[in-house]
Structures are given as C-alpha cells and as structure tokens.
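Residue numbering begins at 1 within each chain, and the chains themselves are lettered A, B, C and D in the order written.
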Amino acid sequence: MGVSPMTLFLLRRIAGFAVTLFVAALIIFLLLDLLPGDPARFILGINATPEAVAALRAQMGLDAPAHERFLNWIGGMLRGDFGISSTQRLAVSELIAERMAVTLPLTMIAMVVSVVVGLPIGILAAMRRGKATDTALMVLAQTGVAVPNFWFGMLLTLVFAVTLRWLPTGGFIPWDEDAGAALRGLVLPGLALALPQASILARVMRTALVDVAEQDFIRTARAKGMTKSEAIWRHGVRNALLPVLTILGLQFAYLIAGTIIVENVFYLPGLGRLIFTAISERDLVLVRGATIVLVVATTATMLLVDLCYGLVDPRLRRQGA
Amino acid sequence: MALVDIRDLTITFGQHEAVSGLSLRIERGERFGIIGESGSGKSLTALAIAGLLPESAAVSGQVLFEGTVLPDDERDMTRLRGRHIGMVFQEPMTALNPLMTIGEQIEEAIRLSETSEIVPLAVSALLDEVGLAPGLAARYPHQLSGGQRQRAMIAMALASKPELMIADEPTSALDVITQRTVLDLISTICRRRHMTLIFISHDIRAVAALCTRIGVMRAGELVEQGVTGDVLRAPVADYTRELVAASRMERRLRSSASLNDDRAALLRVEGVGRIYRQSGIWPGCGAPVRAVDQVELTIGTGECVALVGPSGCGKTTLARIIVGLDKASDGRMVFDGTAYDGSNLPPLLRANMSLVFQDPFSSFDPRMTIAQSLGEPLHLLGRISGEEREARLREAIEAVGLKAAMLARYPHEFSGGQRQRLAIARALVTRPRLVVLDEPVSALDVSVRGDILALLARLQAEHGLTYLIISHDLDMVAAMADRVLVMEKGRIVEEGTPETLFAHPEHPLTKALMAARLPEVA
Amino acid sequence: MMRKLARQHPSLAIGLLAAGIFALLGLVSLWWTPYPIDQIAISRRFLGPGWAHWLGTDHLGRDMLSLVMSGMLTSFVVASLGVLIGVGIGVPLGLAAVAWGGAVEWLVLRFSDLTFAFPAVIVAILIATLAGPGATNATIAIGIFNIPVFARVARGGALAIATQDYVAAARLAGLGRATIAARHLLPNIMSLLIVQGTIQLSLGILAEAGLSYIGLGTQPPATSLGLMLRDAQSLFLIHPSLSLIPGLTIVLVVIALNIAGDGLRDAMDPRLRHQGLSHGAG
Amino acid sequence: MIARKTLALAMTGLMLAAAPVLAQPTEIRIGVALEPPALDPTAGAAEAIDVVVYQNIFEGLVRIDQTGAVQPGLAESWTISDEGLTYRFKLREGVTFHDGTSFDAEDVKFTFARLLAEDSVNAQKALYTAISDVSAIDPTTVEFTLSRPDGLFLFNLGRGDAVIVAPESAGNNAAEPIGTGPFAFIQWDRGSRVVLEQYGPYWGEKPALTKATYMFISDTATMTNALLAGDVDGTNNFAAEALAVFENNPQFKVLVGSTEGETILATNNRREPFSDLKVRQAMAHALDRQEIIEGATYGYGVPIGTHFAPHHPYYLDLTNTYPHDVEAARALLAEAGYADGFSATLKLPPVAYARLSGQIIASQFAEVGISLELVNMEWAQWLEDVFANKDFDLTIISHVEPFDIGIYANPDYYFGYDNPEVQALNETLNATTDEAERKRLAQEIQTIIARDAVNGYLFELAQTGVWNAKLEGMWQNAPVEGVVLRDIRWVE
C-alpha cells in the first residue's frame, strides 16, 4: 500500500483524537441536559409571570427533543456555529473567542515561564547532584509545588500591586486597546499559575537527567574524552527532555484548571470565568460551548505532544531501517 | 616501559570489595585478555584504567599509563582518555546515543581528539575501516543491526588513533556469526595499527583466538596470567582448569536404544507460519512480518532435536507456538495425535509439554516462593491433593539436584545456575513428555553450563523425555542433539545429524555458522 | 524498625512522620476538638492566639485549632477517597489493557485520553452544578481526575513486567489472563502504585483546597483547609493569621507528603538502591 | 544617589501608569460585584443591570431620587384624575436617544405596549398590570388609564423596569443599550467592564463626569486590593466584613446607607411544622438578631421586626414582638408538640449575608432543639427549587423590592402565607391614595405579619459603599437599585 507508516501513525492518532472529542461532546451534552434549574426562569428572576418564562423557553428552543438538540449542536459546531448564549443573547463562538484572547495568552505565559524557570533549575540541580545547590533548589521546588496557586496569587497581588503598585491588581485591558497594559495585566496571574508547574518541571527534569546520567552512552561520551558535565550537557539533556515532554502535555490540563481559579482571583475575563458564570446562570449553550473548547484544547495538546515525540525521538519515526 | 601498569589496585563499594590487590603490566602492542565470570571485577578493572569508575567506588593502589600515574584532575584524565584510549562496550544499543546519527557521534569523537581537520573525510574513512558503508553515517542506532552498531562503536573508539583499545565483552551481545566477524575485525585492526588491546570476556575461546597474553580473574582477584598458549595448555590455578574443561564439550553417548529409527512421532509441525502485524485493532497498517514460514518438522519420542539459526530467524517464535504461547497464523501442529494451532492447546496437553527459558533471572516472580512458582503448572492437572502437590514439588526439585528445603526460599537467594535448575524443575513438575529448551545455557557462566547440560542429559535418560533445543551455540548442539534443524528467515533450510551436518554443511547459512565457530582451546 | 528506616532513608522517615502527625491531628478531631466547630459565638470572634485559643478564633468566633484539625480531616479524607477511586478504577483498567492488549488496550487508552481531556475543575463544576457543591463532589471530581493517572502508571509498570519470562511461564501453566494480572502483574507494580498514591494524595489535598476556595468543595458548617482560606481571604489585611494558618498548614502537609513520596521512590526503586554495585556487574 | 533618584522616578512613573485617575479627574472606575447578564433593564431581573444603566443610560417618565421620592424625569409634569385612574404626562421636548432618534409620545406608547405584551419578558410585568391603556394625545402628551387605583403607580414608573426605550433600538438593548440618559454606552468587555461616556446632547444639566467604567469584581479580597491599589475609585456596595480596612483610612470614605432589602428567614408556611403558629413564634424567639447582625453584617444591618424598610415613613418598630428568649422558644415548641425539637433544611443562595446568617441561625436554633441542615445553592437552582417550585423548609433572602409588603397578600407566593385579612387590607391599601390612610393600613399589615411571625425578620440590608475620599455626590441610600452617576464629581 502507498501510505507511509508515519502518515498511518498520524492518521491513527487523529482518528483517536476525533473519537475522543465526539465521546467528550456526548458526555458534556448528557451532563448539561440533566442540569437542574430552568435558564428562562433564572433570566427573568423572581417576579416573572409564567407566560413570560414559557415565552422565553420557546425563544431559546429548550422544548425540542434531546437527541435533536445534540445533533443540531454538533452540526452547528462543525459549521463554527456554537449557538446563541441563552443569558447574553449572543453568538457563543464570539463570546468564547473574546475570552480566548485572555485565557490562551495567560496559559502560554504560564507555560513559557514554567519552562524557562523550571528546566534550567532542574538541569542545574542534576548537575550538582547531592551538593548543597541541589538540595536548596529541590527544597525550593518542593515548596513551589505545595503552595496553592490562588493563595500565591493573592500574596503576589499584595506585594506587587497593592504595596509596590508596579502592576495592576487584576482586570484586563483588551489587546487592541493597549497591548502593553493587556500584557501587564497577565504578568501576576501568569506567575501565580507558573509557580507550581515550574517546580514540577524542575523536579521531573532533575530526575530524568539523573536517570539518563546512569546510561551507557554517557559513559561512551566520557570515554570519547568528555568531562561528565560535558557528556550530560551534550548527550544527556536531549534524552532527558523526552519524559519532560510528556509532563508538559499533562501540565496543560493542570494549567487550564489553574486558570479557572486564578482568573477569579485576578478578575480576568477568561474562559474559566465565562464557564463559571455561565454555569451559575444556567446558560447551557454557553457552558457546553466553552467546555468543549477546553476539552479540544487539552486533547489537541496531547496530540501535539505525541507528534513532538515523533520529531524528537527518531525511534518513533516509523520508517523501517 | 609497560603501557599500562596496575599496582595493587583495590576497588570497594561500601563493604563489598569488588577488586582486591590486583597488579598487572600490559606491554605496548600486546593483546591482553582478561577472562572471568560476571562479578569477577574484570570490567571494573578496565574502567579503572580509563578512569571511568562510578563515584561510589573507593579506589586504592595506582594505575600508571605510559609510566605516569593517571591524573586526578578530571580535565586532564578526560584529555588522556580522549587522546590515547579507545573503548568498546558490551551493549552497543545502549552505548550509543539513540537521538544522534552514528555519523554525528563519530564526528564528535574526532573533534574531541582533534586528530583530523577534514572531519567528514575522516568519518567515512573510519566507517570504511570497520567495514561499514559510508551511507550508514546518516543512520540512527536503532536503524542498524547489532553487528553494525558494534562496528560503529569500534570506529568511534578508533577516531582518536589511540595507543590502547579497551574492549569490554564486545561480542557477547551478538549472535555467533557476527560475533566472529567482529572479533576478526578487532584483531586485524590491532595488527594494522600496532594497537595495544585489553580484551575482556567470559568466553575463553574468544580470548584464546584473539589475545597474546591472558589473565584469569575470579572474585576480584587475578588468579593466573601468562602467555595464552601456556596458560590454556597447562593451567596452574584450579579455576583456570575448570574454565578450560568447561569450554570443551564432549559429545555425550546415547544409549542405542533411544536411537532406533522406528520411533513414533510425538510432535508433528505441519506447514506452520506466523505473521505479525503492527498493533491492535487497526486492520492493514504496518507491513506484515513473516516470522515463521511454512515450517514442517517432526519430533519422535525420546529424541533430542536442535533448532539452530542466527538471532531473529524465527526459532524462538516457532518454539512459543509449539508450547502454546503464541498462535500459528496458518498450518497446524499435531501433538500425540491431537491437532492444535498454539493458543488453543488443551490443558492436559499443556501438562505434557513445557518450556525452559533462556534467562533464569527473569523466569521467576521475585515475590513468590520457589514452591509457589514451581507449583503453578500443577493447575493443569486439575484438582490435586495437598500431599500429592508436596510430593510432586519435592520430586521435581530433588530431580534437579537441589534440596526440598529450598522450596520455601525466594528466587533472589539463588545463583544463576541454581535458578536454571529450578526452571528445569518447574518444567518437569507436570511430568511432561516434550520439553522445549530455549537457549538453556547461553545466559549462564561457562563453568556451570557443563553441569546443566549433564543434568538435562541425565533427566532425558531417566524420564525418557523428548527435547527440542533452541540455540545458536553449535558446540552445545553438537554435544546434545540427535538431529539438527537449521533455520533462516523463518524457514528450515537444512536438516541432519550433527555429525553429517557439521562435517559437510550444504546451505550457505550452515557453512557460515560452521565458519563462525571459534577453534577449541589448545 | 523506625530507627532503621530513619538511618537508610531519612527523607522518607521525616516525610512519613510529618504526614502521619497531620493525619493523626485530623483523625483525633473525629472524637475530640478543643471546641466544637459548629458552636458559633460572635462575641468571641477574631481573638488572637492565646491560652484559651492557641491559634485564636475566626470570624464566627470558632476556635481556629479545632477548625484546622477538622479541616485537615476533610482534606485528607477527600484526597484519599479520590486516590481510592483512582486506584479502584484506574489500576484494573491499566492491568486489563496489558493482560488483554489489542482492542481492550486501545479502549483503555482512549478512555484515559478522554478523562485527561476533562480538567478536574471542569468535572467539579459540572458535578457541583448537577448535585450542588460539597465535599462528595470534590471527592468524585478528584477521583475521576486520578483514574487515568493510575491507569497509565499501572499499564506502564505492567507492560514491563509482562515481558518477563515468569509471566510466560504462568501462561504455560494455563493461568487465565485475569489470574496472571492479579498473581504476577499487580504485586510487582505495587511499589509504583504506592509512590504514585502519595503524589496523588498531595495533589488531591491541593485540589480540594482549590475547589473549596472557588466554592465547589466542602460546605459549611463542615470545614476544610481550602474553605478556611476562602472564608479568611477577604479579611487578610485585617486578620492575616486567619488565612496564614490554613495556608501554611496546606503547604506543610503537601510538602510532607511529597517528601514521603520521593523517599518511597528511592526506597523502593532497586535501580537507585544498589546504585554503586550495578556498575560493577559484568 | 543618582541611581536611587532615577529608580524613584521610574517607580512614580509606574505608579502613574497604574492609576491614571490622578491625571484625569473627570473619569471614574467603579467596582461592582455582579456582572449583568445583559444590559436591558426591561428584560431581566438582575439588579446588576440597573446598577449600570439606571438613570445613567436609561430614564423613565419619572425618576426616584436619593430619598425615594418621585421626581420629574422625561415627563416634566403630570396630572392625576381624582379617582386616581387616569394619569396625563407632559413630556420634555428636544430629548434624543443616544442613536440620535428623537423621543416622543410614541416611544412611551411603544415601551409600555412592549412591557405588557403577551410575550413580554419583563420581570416586573406584574407591577404594571393595572394599566389598561396608554394613548399618545399628541407628541408631548401621554395618557395612562388604569383599571384600578394604584398608590405605587408613579413610583413604579420610576423603576428601571419602566424606562423608556425606542422601537428602533429596543431589540438590541441587551447588548447595546440605547436610552435618553446623560451617559451613552460605549463598550462592554464581557467578564471585565462596561464603559460609559457623557452624552453630549443630553437634555438635562451636564454631569461632572465625562467617562465612567464599571469593573466587575466578584471577589471581596480582590475588590479590597483593587481599591487599595487605586485600580478602582469606589464601589457602591462593599462586603461589610472587610470595611475595617477602609474605615480609618483618610484616602477613602465609607458611606453606610439604607437599602430596600428586608432580609428575612423565609419560612414555608404551607409545610409542617411551620404551618403551626407556635412553631413560627418559637423560631422567632430563638433568633438573636443582634448576634446575626454582628456576625453576618458586622453590625451594619438595621434590625427589623416586620417586612418593612426602617427608613420608610410608614415603618413601625416591631422588633420586640418576639424578643430573643430561648426558654420561651422551648416552651412554645413543647406546646406545639415538638418538645425535643425537629430538624429542617435551610437553603441558602450564594450571597454572603445569607451564608453567614445561615450558619449563625443554625447554631442559635440548635440551642432550642431545632437542627438545621444547610444547603448552599447557586442562584438559578435557588430560584427553581425555592421560588418556583416552593420546595423548601427555610431560606434566607433579602427582598430588595421597595414597598413590597404586598407579597403577603399573595397566597401563591413562595412562602405561602394565606391570610384573607391581610389580603383585604392590601386591596384597600392599593386603592388608597390618601397618605395618612395609607400609612395606617400599611402599619396594620406590618403588625399582623409580625404577630403571625410569617417569616423570621432579621435585618434591613445596609448599603456600605467605599469611595475615594476625593469623590462626592454618591447616593448613600439605595431606594432603588442603581449607581446614579449624575451627581458624582471629583473634588480637590
């Protein structure tokens, strides 16, 4: 057959990806359909007359049969139409897009910071294994993992926003209005999110590197005439990155979870807060849309990581020797 | 002045003394072999010369290279290593960086030793010297065969034009044929380059074939050293004597009774083939691999048939199908009149055949007592009483020359040889008729191989067992088998009694195998 | 025993000891706390640390020490139940994947991808909205989050074991896949599971804190460390101790658990155990 | 030395950047806890809507002032027929909507047609059902005809639910509100803020502020930080628990005022055992208002003994009808046949005053043997269970509707109090326009419901605003929901 094993591998992963998403969508829909609480009633509040509520229900198409609603939903999403928010009366896709402009950069910043801070620390610790530096760094990492990021966020605000007034306590200026301000708004939350992840990365990197340092090819490299640290640096780090890559993939899930909490602390208009408010307002359409987007994001990252593996590790490029 | 001069070297890990008071001089241009079993400290000695001992090692005594003591400063030691010493390790797969092409890795070696300005040229020159096509430079380790990898390792070791090459079990991870070619390669290179060689091995014949002088190590001590010929012809130390003895295998005499030709066929393999596909439920992806291809063979009761061939020729797969660990894609087997295709082997038949694995260390669950492990196959006999069970276990373990008391112990309390005995005991506990032995001794130290083979022979005689031996070790086969089947690429290519087959090999593979045999020592 | 442990793996000893003490504090609160935590006395609120109340009192005049104790209990219970759920469902899945392979394995992998795709908080939000917020829902959310983690760990470990000859031997001995999984695979990945368990436990405690903090976790009058943080955060500038006490407690508990986890890994991983000698072989 | 100076400069630079307000004293950033789901006050109950738009973007025919009195709005004057059934309004001229379209009688007609239509989604529709006809006499005159007299009619016209909208823009008001008010809607960054700017062609006097930004900050700690850091200039209603941070801080002023929010322990009068007067009286005795007010509102709540706002001229102090008395409570329970108490659930909506009061009441009731199970709920769930399905024992909620004692005349209301006497009284009250008489009637109803201990009457919610000390003109009291910007100004 004409297809190369690599493309087959790709196709298989993507097929798996699709299946996962479909099932996820189904689950989300089922769960949300069971949600107690009548959105119409909520929108109209205490003194609304029954007719008014009924009228709104009809408007929102809440009286169609479930399977129909599901299929419409899926079909719509494939066409990029996520439906109309029941409380905000706006295209869900737009709402989500707005929020993504906050959550995505935030996650990215956190990712980058955690990598830029975490990996070097891990490497340094591994190089100085057993020495004071190692111990100090690892104690630091231990603490970093242990501090709840929302709490850390609050402490950060008190120091840098309230006391020093270097950065805003929260809130978000849209990018197109003032990119600089937008960025400054994401610094503290970014840090708060990054701390635990950086610590985890540091620990993983260290362990991985220590393991690799035991490998034969490090000895070979030394036999060729490298000092131990040269060998670890030139041959070890790249090999050690493989396990780190997996963790990076998983971390995305943690980060998403983190944003939802941190966005509350810093009153950022992100996807997390959107879901949160949407849920308390029984905005099924919106919750669905937002959750599925998060699920897609997470799953996509996993897929990405898998593919990265293929790139970094020649053994996974399946062309026969 | 000696190139390497080791004076009273002692290496200890915590309490354990791995090398004790070892002194040794290796002259320029000689090829020195160090023989010893696993744990004898031979590798550590080599690492000590290259200054590559793990930090956890405590070293006393001194090692002189070209008359000067090895420098303590890591940089100087590194430079010395890089410029003057080349090393080849046992397992080329793990010794090469999986993420770099071998070209890159050789290049690196050249740059580090600053032996050549025009690096690319040098690379292809080296590859050529070790008999690899220049094209292979672009390959990654996992894309090469074991032999090719080891050649690449050697090329890398040569990059610095070293005075001394240390080869630590360079061939024991390779199969017979490649093993021989690599050995030849090493010796020719040493001759051509007038390079001093330290060759570490447990295989006395390899050492004999390659080295001018040898030293014998045991439990961290150098028990004997001298010119190869002398040592092997007239060993002084008993241990050396044992080793030499163990390396020779006399053809064992079979009672003519078992050799009559009209013996009933116990197992018939009829056109069995096995095709492997890449993973699971995705049909038709990944090119199918024919591991076993239309194999026809018959084994008579009481017979001992050997299946030989290079690694990856499908002999192990065939064995697994026969004992029912794997399922034939086509064809069938008939055991004692009952037909089956592998996994559908009915319990009672399972009880009638068993398998002894190559690696005695992985064949016992570390968390189960010997009794539990040995008892497992008794399932196949359905419900049996406690006493019956006891009796069976005792019988089995005593049959292999161990004490019933040992049943209560755990695997880690036994040596390799003992474990293999236990493995055999487990194979016997159901009183099977056919025993399949997959490389039964290749993982064992030379000195115990003889005993295990003798044990197998005895058991066959006592219980009238039928053996199917899977092996690449022609001497062992010659010693044990009544009939030999040669297998290549999943097919049986030649068959015959050892005598005739080894005397006049027909098939090129058989010829190659014969050619690869190392000469008997002395 | 303990002394031996302390000598060989000091970190493990310290970690276990500390975590043990915290857990014990929590357990004790089942029978005894200095003051009942549901007894509210506004007149007594915001007392600083003192003889009557070692850690002072909170915004409802409840004794902080008592709150910390029973909060600790909640946090531990939620986290450990979360781990139990993860182990109970994840490990069998992981083992099944290895024992049966093929389609089963594919399904298990897809399933764990699927579960990974739902960040714990999302699950928590969904459940909380279905059944109202509460410790139970936090537990379930954390449990669900743990399932794929353990499924993967179990699978990873079991894959390595499955290649061992003794597994083949067991199949030769006619044992069924399930039996083999239970008899050979499971016991040999136990250490892995225990290590992962401690790690997930500490993550669970953090997660519970996070969930309670955003109001999806434990609900009054019950309390948990996270809930205490939530209650105290708006008072941080006026009565910092109210949020410093639970906050630091969380940090300490998690650190203790992680140290214990690392210690266990070193203690159980044979490769690290006889490091030195492993070089000597050959 | 120099280095330190430059550093200092750099830092002040940053601080300026962080608090631009120092530079432009005509802009204001107001922190509010709840973000409105939409911005159309006539199509949704969320008080968060009024907070942003009421009297800023939208105006009614009349407007409620700080004291709760009715003032001319888009109608500069009106006349009421003697029997109180016809209202004739004279509309202002030269009023335009923010989209430039002009305002006239037709808009008024349209607004109320829309409000009263079959498919109307106006949350307070019920309040306007007395209207039988709205007719535009001429472009500047509108006449309302009522089916029955309604003492609160004018006040209700002043509510956010009755603001005047234009047929051209009404449909889109949820996302882009267009009204006649002094401030025009500029943008809404959902989840973050709403920006208003002064509307040049406004008919009335220009407000001092040129720009107002509403920032949505739900979390009290965050709000505190934002205020301290100067990221927001004030908030109309700040959580009482943290007020201490600002009370003695010269940079801030704390405005403590009244609201229309009667906070009650709403009791399901349909259900056993609450249908028993003795039980309700027992519960009333069990309540220790002072402790609840201390604990839940940090002393800012005003104790009430009935369902009426203390600052209202009709208010009658009935807080001593059932004083805190554990013994009396036990006794009454015993009489009612609950000698060893009973247990019930207390469903709590997601607001601080409810959650805190809930915990405190639970421990107070425990003393008399009533054990409460606290059930925390999201709003939507609460509305569904408690309000719509009346499936609850007890709940705590603040009734923010002004002069809403009428709910006690509605037997179908969620707490299900069915007393013909009260119903009759309320009837007459609605029909009465004479002040003295109205007062008497209102007070009679207050007394009855207090005696019947229909609900546990806890406290009148206080409005505790925190503002930058340099700001003036904020409403202290909140007779209606809203943060009215017209009078707010910066002073040096």
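Throughout what follows, a contact is a pair of C-beta atoms (placed from the backbone, for glycine too) under 8 Å apart; a residue touches a chain by one contact, two chains touch by 3 or more.
Note that the structure is predicted; figures quoted are calculated from it, not measured.
Novice: Identify the chains in contact with chain A as well as chain B, in label order.
Specialist: C
Novice: Determine, using the mean of C-alpha atoms as each chain's centre, which chain is farthest from chain B.
Specialist: So the chain farthest away from chain B turns out to be D.
Novice: If you count the contact pairs for each chain pair, which pair has the most?
Specialist: Top of the contact-pair ranking: A-D.
Novice: Using mean CA coordinates as chain centres, what's the gap between chain B and chain D in Å?
Specialist: From the centre of chain B to the centre of chain D is 86 Å.
Novice: Based only on mean CA positions, could you tell me how far chain A sits from chain C in angstrom?
Specialist: Computed value for the inter-centroid distance: 22 Å.
Novice: What is the distance in Å between the mean C-alpha positions of chain B and chain C?
Specialist: Computed value for the inter-centroid distance: 46 Å.
Novice: Hey, how far is the Cα centre of chain A from the one of chain D, in Å?
Specialist: Comparing mean C-alpha positions, chain D is 39 Å from chain A.
Novice: Would you mind listing the residues of chain A that make contact with two or more other chains?
Specialist: 36, 154, 158, 264, 279
Novice: Considering chain C alone, which of its residues make contact with at least two other chains?
Specialist: In chain C, 129, 233, 236-237, 275 touch at least two other chains.
Novice: Counting only residues that touch at least 2 other chains, which ones in chain B make the list?
Specialist: Expected reply: no residues.
Novice: Mind giving me all the chain pairs that touch?
Specialist: The complete list of chain pairs in contact reads A-B, A-C, A-D, B-C, C-D.
Novice: Spell out the part of chain C that touches chain D in their complex, as residue ranges.
Specialist: 38-40, 42-43, 45, 59-60, 129, 132-133, 215, 219-221, 233-238
Novice: Along chain C, where are the residues that touch chain B in the complex?
Specialist: It comes out as residues 101-103, 105-106, 164-166, 168-175, 183-184, 187-188, 275-277, 279-282.
Novice: Could you please specify the touching residues of chain A with respect to chain D in the complex?
Specialist: The touching residues are 36-39, 41-49, 51-52, 55-56, 87-90, 95, 98-99, 154, 157-158, 161-162, 164-172, 174, 264-270, 273-274, 277, 279-283.
Novice: Considering the complex alone, what residue numbers of chain A touch chain C?
Specialist: The touching residues are 16, 19-20, 23-24, 27-28, 31-32, 34-36, 142-143, 145-151, 154, 158, 214, 250, 253-254, 256-257, 260-261, 264, 272, 275-276, 279, 291, 294-295, 298-299, 302.
Novice: Touching residues of chain D toward chain C in the complex: what are they?
Specialist: Interface residues on the chain D side: 219-221, 224, 228, 239, 241-242, 244-245, 291, 294-295, 350, 355-356, 358-360, 362-363, 366, 374-378, 381.
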